[in-house]
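Right, I'll just put the structure down here and ask away after.
Think of it as A, B and C in the order they're written, each chain with its own count starting at 1.
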Amino acid sequence: MSYEIAVLTSMSIAILFALSLNLITGFCGQVSLGHAAFYGIGAYVAAMLTKADLALPIALIPAAVMAGLVGVLVGIASLRVRHDFLAITTMGVGFLFVGIVRKQDALGGEIGISGIPSVAFGRPGLLLLALVCMVLFILLSIYIRRSWLGFAFESISDDEDTARTFGIDVSKFKLLAFVVGTAGAGIAGGLYAHHIRFIGPDSFGFVESITVLAMVIVGGIGSIAGVAVAAAVLATLPLWLQFVDDYKLLIYGSLIFITMRFAPTGIAGIVHTLWQKRQAK
Amino acid sequence: MLAIELVIQGIVQGAIYALIALGLVLVYGLLRILHVAHAALYTLGAYIGVIIVNQGGHIIFATAVAMVAVGFVGIGVYRFAYKPLLDKPPLIALIASIGLFIAAEEIYRIIFGAYGMSFAQPPLQQQIELFKGFHLSTARISVVILSILFIGVLGWLAASTRTGIAWRATVSDAGMAASFGVNIEKVRYINFFIGSALAALAGVMVALLNNLVEPTMGAVPAYKALAIIVLGGLGSVRGTLVASIALGIIESFGTIYLGHVMDRDAIAFTFLIIVLMIRPQGLLTRR
Amino acid sequence: MSLLEVQNVSIRFGGVDAVRGVSLAVEEQQLLGFIGPNGAGKTTMMRIIMGMVRPQQGSVEFRGKDITQWSVQHRVQLGLALAQQIVKPLHSLTLLDNVALAAGARHMRNPLQAFLNVDRSEARDQARNLLDFVGIGNVNNAFPSEVPLGFIKRMEVARALALEPGLLLLDEPLAGLNQTEARDLADLIASLVTPSRSVLLIEHNIGEVARICSEIYVQENGQRLMQDKAERVMASAALRQAYLGEHKA
């Protein structure tokens, strides 16, 4: 039973993390190659606070706030640079986070933080908390998609200069996408720290940023259901198959490459095409 | 004295960055693709170099073979990976390239082992006294000389040969170049060949400097080279060279004076972010 | 006071004068034609009025406010709208949603307001009416890549109208259309002027401009040539000189 609980917890956290990036990259069209930094900020903040005897559900709030605040800074950067330049800037933010944390004794330096306390009601309690956060974020995503906010994001993602000619204040909308997306990643990170109970700078490096981007892309950029399915599968695959764990990066790398090369619209795109073919028959 | 040493170290490091980044900027200029997998070719070049030397080959022979072989692999990467993606948004190719790079690192690990490889008898290690009390290994000096040599020859080729002129025409306006009878496809092949060969050269040089080749040795240069071509203004060869040397020097000073706050990579990216916020179009290019 | 007053604007790009000391006025309820040979700086003027570039000299006033330093989105919110020469449809949206997005622009003045508004049916109804009005109601659900250029140009006019502008800027809407299409679209443009809406029509097709506009502004080589009643402009020697000058000399 405890094994299943652990798997489900990993899955919920991964879905939350992937959907938080989907909001920035999928909805609003802003690339981020450094999303793991915000996952890391959330993880460190939450871990430090629960070690100081705060309850996790409460500690998640400052974790989200802190990640969101740094997210605003990156969002401001996104107003200065676009496309390829933005991709590289966000990648830089990821390296900056790891490079700074590595040198802070207060954050455990290279070794990281261990002995992170368990949550009230133990493993099932954590799973419940992760599920609640995940469901809330899914609902938020669905709501945003349907609202005028989602419509505005879509236009910015498509062509921000044209969006301006509709009177849309593109800067404010981009900043909002970064705040909500990075705060979501902060919550996911806080949960992750208490799931693994040990964190270090290398848990939040470039590979993690690419992994979460792979979930968004393999699922289908922008598609809530597609991204959730891809996140669930990619997060749990290594747990099911020891073989996959050994060759995890090879499989991730190949999956990203093959998806881009042969089906850039991802799972959601493939399902959509198949569905249309069925309708046509 | 320390300052001069740091500057020289920075120039050696910068020369290596320049060799790697040059291939990237050539690809970007031609295809508008951020070719992350370029660093996988650099690693491949290093492995080929070490293996040939350890089999008894001379270092110059090994470097030449590595450059030619990797040059052809580079053409293969273009044909197989990028050509079909040219009409897609550039982000698609960037992400595909990252995927390819990660997969390639794992393939090296599976084939060559996780713990890396060294020269049985490392060549070019004798120390030469440059001036009083200051020594530099032959390998370091070769890095700087070879970089200047290759970059100089390339610059001359681009300025004064038919192929070079065709290449520059294609970079500035591919459609126009095609209408003047330039074979764009051929230019792209040459481009990937030269860029990848330079990466292989850089790989062998780094193998000499560190006497170690690892599957993941490309990771940091991959991302740093991206930072460099962005700093250089994406597409400007001169900007890329200036940014390479600047970054090499800033890193060597930074690790001494900022080393307790952040690591070497973080210093590089701090520099990148600061420059981009002040000059979003890069160091040298004008808007 | 005029609805739009551009006064003495100048702009240089890389050492070249694109526009030099130009003044131009559009009145309430007016259809003003804006003509000039290639390279006259017509599109640059439109970009200055819209705020996509800032003039180095001079001022732009709209509805009595000095908007010279305003951003594009604030000018749109004040009542300027634009259909560009090079069509810019949002490719991921249907024609209907392209227009509905503009029709609901007031929901998107700030992110919070956009977040709190969910209902799209009103904007879609409005968009449907506008697409009917511009004559392409039958292809509502097509994507921009699936219809010919003429349809997209009409969609862009509908999209600009959806913003309920006081002044509509049209940049060469007839370019690339055949004679019948151009004539039909020109008739439609003529019908857009209402007591609360003026139109500034930048166009290369002088014949259609002379047919539908009562007043015409002429620019040549980045400078104002004249602004007068259509028949007087068309009869003037200066206009012939501007368009045919190179043949005479």
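To be clear about the criterion, a contact is a pair of C-beta atoms (placed from the backbone, for glycine too) under 8 Å apart; a residue touches a chain by one contact, two chains touch by 3 or more.
Quick caveat, the model's predicted, so the values are computed rather than measured.
With every chain reduced to the mean of its CA atoms, the largest distance from chain B is reached by C. In this view the innermost chain, defined by its CA centroid being closest to the centroid of all protein CA atoms, is A.
Work out the mean CA point of chain A and of chain C, and you get 42 Å between them.
Computed from the mean C-alpha positions, the centre of chain A lies at a distance of 31 Å from the centre of chain B. The mean-CA centres of chain B and chain C are about 48 angstrom from one another, to the nearest whole unit. Shown for chain C are the residues that touch two or more other chains, of which there are none.
Against chain B, the residues of chain A that register as touching in their complex are 31, 33, 77, 80-81, 83-85, 87-89, 91-93, 95-96, 98-100, 102-103, 206-207, 210, 213-214, 217, 247, 249-250, 252-261, 264.
Remark: chain B residues 32, 34, 81, 84-85, 88, 90-96, 98-107, 110, 219, 223, 226-227, 230, 234, 259-270, 272-273, 276-277, 280 touch chain A in the complex. Against chain C, in their complex, chain A makes its touches with residues 143-144, 146-149, 151-152, 154-155, 157-159, 161-162, 164-170, 172-173, 176.
On chain C, the positions that touch chain A within their shared complex are 50, 71-74, 76-77, 81-82, 84, 88, 90-93, 97, 101-102, 104-105, 107-111, 113-118, 120, 159, 163.
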